[in-house]
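Data block below; observations after.
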Amino acid sequence: MEKDPNAILLGEDILDPYGGAFKVTKGLSTKFPQRVFTTPISEASIAGLTVGMALRGMRPIAEFMFGDFITLAADQIVNHAAKYMGMYGDQMKLPMVLRTPVGGGRGYGPTHSQSLEKMFLGLPMFHILAPSHFVHPGEILVQAISGSYPTLFLENKLLYPEVLKLEQHSGVINRTVHFDEHNYPVVVLSNFPDKRKADIAIVAYGGISRLLGPVLNQLAQEEIWITACLPVSLSPLPIKHIQATTEGIKKILVIEEASPAFGWGSEVSAALYDAHAGQLDGPILRIGAANSVIPASKPLEEKVIVSEEKILSAVFEVMAW
Amino acid sequence: MLTLVNSPSPDQQNMARDLTEVFYRQMYTIRKVEQNLLDLFAQGYITGTVHTSMGQEACDVGVVNSLDRSKDIIFSNHRAHGQFLAYCDDVEGLIGEIMGKETGVCLGIGGSQHIHRENMYTNGVQGGIVPNAVGAALAEKIKGTGAITVVFLGDGTMGEGVVYESFNIASLWSLPVLFLLIDNGIAQSTPKHLEHAGELETRAMTFAIDSASIEADDVNKVYSTACEVVNKVREHSRPFFLHVKAARLGPHSKGDDTRSKEEIESLKQKDPLLKISESLPVGLRMEIEQKIDVRIQTAVEKAMLASHPGLEQLRRV
Amino acid sequence: MLTLVNSPSPDQQNMARDLTEVFYRQMYTIRKVEQNLLDLFAQGYITGTVHTSMGQEACDVGVVNSLDRSKDIIFSNHRAHGQFLAYCDDVEGLIGEIMGKETGVCLGIGGSQHIHRENMYTNGVQGGIVPNAVGAALAEKIKGTGAITVVFLGDGTMGEGVVYESFNIASLWSLPVLFLLIDNGIAQSTPKHLEHAGELETRAMTFAIDSASIEADDVNKVYSTACEVVNKVREHSRPFFLHVKAARLGPHSKGDDTRSKEEIESLKQKDPLLKISESLPVGLRMEIEQKIDVRIQTAVEKAMLASHPGLEQLRRV
Amino acid sequence: MEKDPNAILLGEDILDPYGGAFKVTKGLSTKFPQRVFTTPISEASIAGLTVGMALRGMRPIAEFMFGDFITLAADQIVNHAAKYMGMYGDQMKLPMVLRTPVGGGRGYGPTHSQSLEKMFLGLPMFHILAPSHFVHPGEILVQAISGSYPTLFLENKLLYPEVLKLEQHSGVINRTVHFDEHNYPVVVLSNFPDKRKADIAIVAYGGISRLLGPVLNQLAQEEIWITACLPVSLSPLPIKHIQATTEGIKKILVIEEASPAFGWGSEVSAALYDAHAGQLDGPILRIGAANSVIPASKPLEEKVIVSEEKILSAVFEVMAW
């Protein structure tokens, strides 16, 4: 915001001292009072304003208080944001970002805990990003709003308190970063030092990253070697980078926070089979949330969404194939 | 069918006094349950959100008691504990629910914002319940049950476009639905003047919906207005928009209140529990309060011991 | 930057007459282009939809000419041919577009409902352009360009909730946007009394938006009102709601009209082309018409010969 | 509607004499004036009313004039219709149907030609059906509204003028019908008479059926033997039936009308690989629309969406593997 006078922020309850339900925008309305707008509770219009501003050369960033409410912006996303760039036969740019906290784990209940990104995956001329704590979310946000495309930017609620892990080595975990066609990072983690091939490739994104650190550490102790691939861009999918990372690894596990049916993992799995089928030991395992509402009761919620235990038991299942 | 646990005595002479007593019981129950919920939250026994009705009890109790509980329908939002208790007095079900226990009215699956019992439905996404309520009113009208539907919404929620679509359709099709706006002047952290241009009082009028505006400090006043309005809606099968000015005494949810101390203090003078408690003999009041305190304490203890729901209680596909 | 192909003579004395002439040129062009489009559709040269502005030309021309074409912004909907021609007179681009040729203003990709040139944008999904227009107005206000934004909408589209959200925000934030409602009393096949309760004239007032209502039979009247309103919006940086009563003389799209012959006949008496043509000398009129006829004929022939766009012209990812 | 007094119809412009933009409801408002409601242009509320009526025991059927406008009902679908059944811990039924014409091929342009079902695929407690002309759409609609679930019912625009093909044999094409867990038909077509295994399995749905008749006929002449599986239920996916149908066939082609990225075919492909990987000759080929807007210009539109030619060349591509 400092650098770009065209950057505009809008969303519900984002003014100081409140600074947004998850405090992400705290301080900004005090620093840039002319460019931070608290809005009425009108999600469709928040998205619609954002599109209109982007059409006129601003670089607007809107906050949706919960990712669940992005449903109210669906018409703006599908029939407006994503269409203006494609349907006028010109080379218009439409940089705008819709930021929103997603995911469960906080007992907010069925309408405040979802990961609804699958609704918009694959939509032409629309990007979906989900940083993990292995990249710098702020930098990626700046990259998105400096780019050309309308973008949905997903922030997993449970990542807010996490410390960023940007170092190349941290205990047994090594982190390397590739960059995809749109220059978004694809993070590759491994829990082994040498050049050997991993036993299992894990492909995941966003909040799942929080679980991978502990999981990779524990598996290293059991001498199960993992390569994990975490693209920031969910759609379009940097499939070449994912295929290159998983190449030669005989077992693959795909993890997402939403339920796996018709999800991000379906495309990843299909595309990895396309590249590696015949070279794999057993099928590609996909895990995610149960195919139900996300319950408010926290102990039950923990059973519904992905946890370290679930990942570990998926790893052991795959190892046994 | 539901019956009021504390139903008014049939004795006509004591009617008014009895009603006040009933109202006080309900209002005190609501207040006390919610104070307990906030405590439980602070102690870590509750996760997620807890939006309390504290300060709005006169509205909740006045309106809900004007309905015919045997058939009328209630839709509400994130701030519905008060209406729920006024509707069915299910203290155990509510506390269990919010604590995420299978003794909850929705097995702990819905939580604070997603509650259903008999003809009452709540949902935590603002606005969407309004066309649901209009659809329910249409269904009952077609069935010929004579039921009316009331939908509670907040001033902030008047920002959602679907509310206006619903006004239009309810009026166009002459449906028996009461739009009940609880205007506490704030939405989460945002004061009304940063949410709305013009007056909320007139928003439904342009759709040819009769409207009225009242204060929610006196439960008896709310109740008598609501009775009138509900009769009208039922008799004429027409929508009505009732604008009720209320004070949110507590935080938005849990403990997030950015208003100044002075503002909250001045709101507390409108506390509807103050007003009604003045009209009851102290002895009676103490007796009522003690009983309710014990009841709530027992409910909390029961909920503490109850189990959480299991995966097998979740529906799939 | 755009300039009017037929721009008014600077000669002050002939100003009024010249304006009428300009308006007639535009209105006749619109009418004639659309008649051609309907014919081309009937002959199979056009597929999809063609929503004509026939009968509404006085509104389109009166309003668009009140704008500052060098900076003001137009958003419109499915029925935007008239506004487009009044805005930029790009007959070739419009006909090519609707015939799906790469000579079209959007290479034939958008078609009748999805047109963009300079500061004009249309979209065929009802309602969603309204917050887009408000966003554009906000952007221009922040940039300090002094541009205003006008958004055209139909009476039927007043059913979409997002319109009311936009009213509220535009008023709350004092944005220079003109909501231009073309009320032709019908939405596709549905008459207004089956779409709306209450009066459309008052719908924006409850959001503290100044409003006015006029008839669209006389282009000069529309123009002078629009000039006044546009000045107001620009000067005060406040939204305005202009309700324009117009007649849809043609079918909704292509040939789907279920109204009675009598109704359409009676509407034809309000045809704004009748009125304006009376105020022009016959000789001049004939001359204008002939030139335009030839121009359109040439445009159609050119479009006939043009190529369709290819896959390489479509953007991906 | 005759049989069930609780059946209610609502939608835009559905009254006679107009009878709906695609004339599907023609005659009904005359026959049942009390139970057919023409609505304002308020898609979110149309869906919302439908949900409210279903909650109160009616069996409402709403029409969305174009499938593209279902975006406006996304919040009602995701956070209301699909949630009420799951979040109250009870066994509530919520029979309601949202009908809508989908797909391209008529030159309607970018916002009136889409197949947006992928937005809601995999949503728990929500069904998506897409009849082809190899089943009786009316019967399936009755089945849906007599069932328990909120349902999105997709009618491909290009199927409206088609004649139903319900016979067991029609030229070289044989049609058999299985029924899935919810008793919806899974149609299996083949273009060969004997019990041999097909060369290629095609999995598709909805409007693609229109192209399959001619394609199967032509391929029969070239002695390329096809088994085509057309489930009516897109979500939940009757994967067991699809896997059983494709079992033992060495080449698989998945076809959908929308673009294949993150689509229905992604899940089908991933799930078929799960079952058959290692037994296949070459990868599973997925085809669909180009990853762009659907242009208004009809000749270009034909290049963007799936056509007989595209299917044939996909078949030849797969045969060559």
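Should a chain be cited, it is by its letter among A, B, C and D, assigned in written order, with residues numbered from 1 in that chain.
Basically, contacts are C-beta pairs under 8 Å (C-beta built on N, C-alpha and C of every residue); 3 or more make two chains touch, one makes a residue touch a chain.
These numbers were taken from a predicted model, which means no experiment stands behind them.
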{"item": "Chains in simultaneous contact with chain A and chain D", "value": "B, C"}
{"item": "Centroid-based (C-alpha) most distant chain relative to chain C", "value": "B"}
{"item": "Length of the line joining the C-alpha centres of chain B and chain D, rounded to whole Å", "value": "42"}
{"item": "Centre distance in Å when chain A and chain B are each reduced to the mean of their C-alpha atoms", "value": "37"}
{"item": "Interface hub residues of chain D, defined as touching at least two other chains", "value": "39-40, 42, 44-45, 68-69, 72, 75, 79, 83, 86-87, 109-111, 124-125, 236, 291-293, 295"}
{"item": "Shared interface positions of chain B, touching two or more other chains", "value": "104, 107-110, 114, 123, 125, 127, 159-162, 165, 168, 172, 194-196, 309, 313-317"}
{"item": "Chain contact topology (line, ring, star, complete or other)", "value": "complete"}
{"item": "Touching residues (chain side chain D, partner chain B) in the complex", "value": "8, 34-35, 37, 39-40, 42, 44-45, 47-58, 60, 75-76, 79-80, 83-91, 124-125, 236"}
{"item": "Chain A-facing residues of chain B, complex", "value": "46-49, 97, 100-101, 104, 107-114, 123-127, 156-157, 159-161, 187-190, 194-196, 256, 258, 308-311, 313-317"}
{"item": "Complex contacts: residues of chain A adjacent to chain B", "value": "12-13, 15, 17-18, 21, 38-45, 68-69, 72, 106-112, 290-293, 295-300, 303-304"}
{"item": "Complex contact set, residues of chain C against chain A", "value": "73, 104-110, 114-116, 121, 123, 125, 127-140, 142-143, 161-162, 165-166, 168-169, 172-173, 309, 313-317"}
{"item": "In the complex, chain B residues that touch chain C", "value": "159-165, 167-168, 171-172, 194-199, 202-203, 205-209"}
